[in-house]
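One structure below.
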Amino acid sequence: MATATDTTQRDKDLQDLIQRVEALEGSVAQDKLCLGVMKGDLDYTMAAFIIGLGAAAYDMEVDMFFTFWATAALRDPKKRAKKGFLDKMFGWMLPKGTGKLPLSKMQMGGIGPKMIRSVMKMHNAQSLEELIEQAAEMGIRIHVCTMSMDVMGIKKEELIDYPHMDFVGVGTFVDMFSNAKQCWFM
Amino acid sequence: MATATDTTQRDKDLQDLIQRVEALEGSVAQDKLCLGVMKGDLDYTMAAFIIGLGAAAYDMEVDMFFTFWATAALRDPKKRAKKGFLDKMFGWMLPKGTGKLPLSKMQMGGIGPKMIRSVMKMHNAQSLEELIEQAAEMGIRIHVCTMSMDVMGIKKEELIDYPHMDFVGVGTFVDMFSNAKQCWFM
Amino acid sequence: MATATDTTQRDKDLQDLIQRVEALEGSVAQDKLCLGVMKGDLDYTMAAFIIGLGAAAYDMEVDMFFTFWATAALRDPKKRAKKGFLDKMFGWMLPKGTGKLPLSKMQMGGIGPKMIRSVMKMHNAQSLEELIEQAAEMGIRIHVCTMSMDVMGIKKEELIDYPHMDFVGVGTFVDMFSNAKQCWFM
């Protein structure tokens, strides 16, 4: 029969174990995918949304962090923003929205992206614009890197209307990916 | 001495803890590396196999998902497939197998890849073709993205013979990486 | 009241659970970020250090693995190393240190990197050289891939002075990332 000593030891073991399990629960990755989108080419941006939507369909939470060149992909060609000279210059050089994104390969003076787009349409694959629309419906969050916007002279008022968009620094991104199940930089 | 109440409470605590540990065991990452291979250049494809083989040597399970441009790297130059006009056109523009892969840098009209290959040989590093052979021996799985094959007009019958190859959609890839220890997109 | 049988069973359950928790503790990812740096362009190398520093500020351990093209970014333009003909030739073609790194986009014959650098300065963002200095202070480790050094003919004596630098093979890298919370290849 259990003596008082045994019982006390067993209680201590159990309490100790509860604490260890709590620590584990705190450090285990959440069911979340975090995508750092930097390149901003048509093919890479589409890949990011296709994978993000795939993950969202499996009930993963999806956070996308748009930084460097990829911020230009979020520009709305119909919107305008007041800019200084240098920002204007960058603005001319960077693609004005998804419709102008180059391919990372086979660009061929602009023929490549048109070819890929028409072939994808033929195969009933969604266009980048449709993917972004669906991402909005699925609740995928887009976080835009404020430092990149500063450097490239991109203003909030020239970006697309997207329901789950905010503007964050690198610290927020670190916080985001540190407990995600997977995070890629693409 | 333990009273009936104490014992019941202790039992409840233990049962509760068992359930929490089970939940943790279900969500912890498996000893698996998952590589999304998209770029398909000689250097990036070699990097993917070198790292995959390194992980396999440490007893990690390795899954490679070949998508977009990288699918062309799996073509066997000796094989032929019946294709429509557009698929044929893509076929001409995409590299026909590992032997034709460009470098992501220092391509220099085809001299770069030859230089890298000969220098690697000099240093007794394995060629891409040898790496693929070894990957087959080590049981590394290659999953080819069916959507990419459709878009680029690449047919199963023109791909290399690889013992652990199958053809999957993005959903299977999501499933694959969601419980992997690490997953990269390169 | 607890019978001897109950107590024995409860002890067994508890011991069993302790073992399962130990196994979980062993397999859970450590608070560590692992960055595989391969591309070695100015923008990608800066991104790697910015994110590494962000993670270090959140008390994550940070390991950077420099491989392929990125090893050239670690060269010190003031240092010289004795080399054979082929290594010399590679040496001429590869950028000699951070000051010569191209951009992955908008290179424009060397104007792009100068523009980005001056705009970043204007916005009080740190230069790549300052980022590396700060990484040294924060204890970020740089591991240089020995195979890449061999292939590109890069010698230890021509690399920058960095307090936490060592020279490792792919096995060490696998070991490093297998228990990291996140690992990217960029």
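Letters A, B and C mark the chains as written, and numbering starts fresh at 1 in each.
Throughout what follows, a contact is a pair of C-beta atoms (placed from the backbone, for glycine too) under 8 Å apart; a residue touches a chain by one contact, two chains touch by 3 or more.
Treat the numbers as computed from the prediction; the structure is a model and nothing was measured.
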{"item": "Overall pattern in which the protein chains touch one another (line/ring/star/complete/other)", "value": "complete"}
{"item": "Superposition of chain A upon chain B: rotation angle, C-alpha, nearest 5 degrees", "value": "120"}
{"item": "Length of the line joining the C-alpha centres of chain A and chain C, rounded to whole Å", "value": "22"}
{"item": "Overlap residues in chain A, where contacts from two or more other chains coincide", "value": "2, 10, 14, 17, 21, 24, 28-29, 182, 184-185"}
{"item": "Partner chain C, residues of chain B touching it in the complex", "value": "2-4, 7, 10-11, 14, 17-18, 21, 24-25, 28-29, 31, 33, 43-44, 47, 50-51, 54-55, 57-58, 60, 104-106, 116, 119-120, 122-123, 125, 181-182, 184-186"}
{"item": "Interfacial residue positions of chain C with respect to chain B in the complex", "value": "1-2, 6, 10, 13-14, 17, 20-21, 24, 27-29, 36, 38-39, 67-69, 86, 90, 93, 147, 150-151, 153, 170-171, 173-175, 177-178, 180, 182-185"}
